[in-house]
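Two complexes are shown next, each including subunit A; its partner changes from subunit B in the first to subunit C in the second.
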Partner chain A sequence: MDPSEVEFLAEKEMVKIIPNFSLDKIYLIGGDLGPFNPGLPVDVPVWLALNLKQRQKCRIVPPEWMDVEKLEEIRELERKEDAFTAVPSPYYMELTKLLLNHASDNIPKADEIRTLVKDIWDTRIAKLRCSADSFISQQEAHAQLDNLTLMEINTIRSFLLDSLNCMYKLRSNLLPGSNKGQFTDY
Partner chain B sequence: MDTQSYVSVPPGVGMGENFLSLDDILLCHERLPIRTECIFPRLGFLEKSSDMQDIPEGSKMELPLWLCKGLYERKKRVLSVELPKVYREGWRTVFNADPKVVDLHKMGPYYYGLGSQMLHFESPENPDIAQTLLQTFIGRFRRTMDSSQNAYNEDTSVLVERLDCLEKALFRSGQTGLHSFQNWEKGQASQLTASNLVLNYRKRKITDVLP
Partner chain C sequence: MSGGLSDDGSDINQDDSQEDVMTPAELIAKLEEAWLNEKFSPELLENKSEVVECVMEQLTHMEANLQRVKKGDAKASVHHMEIDRIRFVLSSYLRSRLQKIEKFFPHVLEKEKSRGEGDPSLLSPEEFTFAKEYYANTETYLKAVALKRMPPNLQTVDMLQAVPEPCLDSFVFLRVKERQENILVEPDTDDQREYVVDLEEGSQHLMRYRTIAPLVSSGAVQLI
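For the complex of A and B:
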């Protein structure tokens, strides 16, 4: 999976905006949006929010978790715990990037938030690598990936799958006669 | 996304081989030390060192893996295959002690592939070989992973020079993951680029196209 595809999925997340125009309810396949009234907050998907923002038709209200104090708390917790802690949003990395890139004027302390999210990301990726290593070295057969987000899994997916494939084949060497004379067709 | 003009077939790794994998084709040319167990009549011209008509029983020579596999039969004792040095007891101890320090490229470069292929030939050491291969892979995994996931925008030749071909392939897949993520983070993923396929086309002259 490409990171831009993950980003595409993240754009379906809802975010609150304050429009400065008025429009009736609009009916889309994914659900009804609106009605839009100037000054009244309304929930829309991120893709629409960014589009409206680029045309200067709205102000984006940052999600609750996108706040320096809350993120600092999460960062400390993430550093303290050995296991993965719950993240505020399954698309925290993508949303931070999208919202900060397009609407940094609506989000207070944008730079600090960017650094904090990057810190959280780095901590989690380091943990992910550690757990992948112990997964391989203990020759486990399955692992539970609680609280991992799609983007995090995505960065290590191809490497981990290929390694597990190799390990499986090397391990099946241990059992004599298991795959002798077996051919794969191409 | 990476588009290549052909889909490369991955190596078979285990005891099976992938017929179309380039790595496996190179692997089956590795030479193995063997000892003949019967006379090979009228094949003496293959052995340059003597001018006898036949290859006598008990002579030692090196044959490529594909020929060994073809000639080897458990019941008929045509030839016996000796283990290459790296799979013998002495080196196995080294691998079990610390697999990280060994230069597998020099030892192999198809250490895992050839090791798995050696299991085709009956030998009391087979279970030990298989175990050592697995342990070596596991022991070196962390280093392969860390270097492939952290080396961004730097020369990777130092990192990969001691890796086996199999580990190199893993290293590359780790790098693709890292690069695509970094590209996305820098905002380059949203830029449209020409496909590799198109870039590889040569310019055609009108005379080539016309019949």
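For the complex of A and C:
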């Protein structure tokens, strides 16, 4: 899956905005939005929030978890634990990137937040590399990965799945009497 | 879910008579689930033509409404953006299916021919036509380019043998939507025993596609 497709999915998350225009309720196929009144917060999907922000029609309110202290706590917890800890949002990386790129003026301490999220990401990806390595070397056939986000999974998806499939082909061809000789190559 | 309400201007969707009425939001969610499942599954999944048709209906209906509205209306641009997003998912879904049909065409046709009367179909009528044409075209091509120059007893090719089957033992990532118990996990090597795992609702796993294939069709797990 392309990272932009993961971002596409992340854009469906809801975020609070404060519009500077008024509009009555919009009845989208995916749900109802609004009504929009200047100065009053309203929940909209991120794709709409970004579009409105770019047209200078609203101010974006950062999500609750996008706060320096909370993120510092999460980062410390992530560094201490061996397993993956719970994430502030299943799309934390994409939302941070989108909101900080387009609406950093609405988000206090944007640079610190960027650094903190990057630290959390780096720690998690390092853990993911280690656990993928041990998965392969111990030839496991099952793993549970509850707290991983889609973007993290997507980072190692093609490499990990292709390697596992390759190894499976090699091993199963060693088994006597297996007629699994006909496999797709890419 | 009976009495699912329509929004302003859109119609209530009817699934094939057995299902309850779905709201448009649920329909779009179903489309996205089908999209992800099709993207990540190693084999061609069941055809979701009711979902595709309903989504097309919603899109054409919404576009017709937008034609009637004057240009520059604030709401129109928001609706257009949403239509574009839904259209992207739909096209990507159909494209995934076509890619798999092209990749596995003899097996797909074989499966479709040999399915029972009441079983859900693998291909939509258009996809079936496409698959048959692709088969015929490939045969013609192979004949014209190579086979007719071969010695007479080697001039046929068995497509089912020549084209690799989908590898159902590929690993996939999945998220559990309905709790499942006692799913068998078979390790590759001989010296490891088989064992069972329980799949808790909301958990995510990495395992072989073969064991969980029926769960994907039934909607109990979602590939991610």
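Here, the second predicted complex is superposed on the first by the 176 of 186 C-alpha atoms of A that agree within 3 Å, B and C clash if a C-alpha of one lies under 4 Å from a C-alpha of the other, contacts with A are read in each partner's own complex, and residues count from 1 in each chain.
Simple rule for what comes next: a residue touches a chain if its C-beta (ideal position, glycine included) is under 8 Å from a C-beta of that chain, and two chains touch if they have at least 3 such contacts.
Since we're looking at a predicted model, the values are computed, not measured.
Engineer: Could you tell me if A:Gln56 is touching subunit B, subunit C, both of them or neither one (first, second, both, neither)?
Structural biologist: A:Gln56: touches no partner chain.
Engineer: So in the superposed three-chain picture, is A:Leu164 touching just subunit B, just subunit C, both, or none of them (first/second/both/neither)?
Structural biologist: second
Engineer: Does subunit B (first) or subunit C (second) touch A:Leu48, or do both, or does neither?
Structural biologist: second
Engineer: Please work out whether A:Ser172 is in contact with subunit B alone, subunit C alone, both, or neither, and reply first, second, both or neither.
Structural biologist: both
Engineer: For A:Pro3, using the defined touch cut-off, is the partner it touches subunit B, subunit C, both, or neither? Pick first, second, both or neither.
Structural biologist: In the superposition, A:Pro3 touches subunit B alone.
Engineer: Between subunit B (first) and subunit C (second), which, if any, makes contact with A:Asn101: first, second, both or neither?
Structural biologist: first
Engineer: Once chain A of both complexes is superposed, is A:Gln139 in touch with subunit B (first), subunit C (second), both, or neither?
Structural biologist: both
Engineer: Taking the superposition as given, does A:Leu150 touch the first partner, subunit B, the second, subunit C, both, or neither?
Structural biologist: second
Engineer: Show me the subunit A residues, by the header's touch rule, that subunit B contacts in one structure and subunit C contacts in the other.
Structural biologist: 139, 157, 165, 167, 169, 171-172, 180, 182-184
Engineer: Going by the contact rule set out above, which residues of subunit A touch subunit B in the complex?
Structural biologist: Per the stated touch rule, the residues are 2-4, 7, 97, 101, 125, 129, 132-133, 136-137, 139, 151, 154-159, 162-163, 165-167, 169-174, 176, 179-184, 186.
Engineer: Quick one: in the complex, what on subunit B touches subunit A?
Structural biologist: Listed in rising order, the residues of subunit B that touch subunit A are 1, 9, 12-16, 18-20, 112, 116, 119-120, 126-127, 130-131, 133-134, 137-139, 141-142, 144-146, 148-149, 166, 169-170, 173-174, 176-178, 180-181, 183-185, 187, 189-190.
Engineer: Flag every residue of subunit C that touches subunit A in the complex, lowest number first.
Structural biologist: 7-10, 24-25, 28, 32, 39-40, 58-59, 62, 74-75, 78-79, 81-83, 85-86, 88, 92, 103, 161, 164-167, 169-173, 185-190, 192, 197, 202-208, 224
Engineer: Considering the complex alone, what residue numbers of subunit A touch subunit C?
Structural biologist: 1, 5, 8-9, 21, 23, 26-33, 47-48, 51, 135, 139-146, 148, 150, 153, 157, 160-161, 164-165, 167-169, 171-172, 175, 180, 182-185
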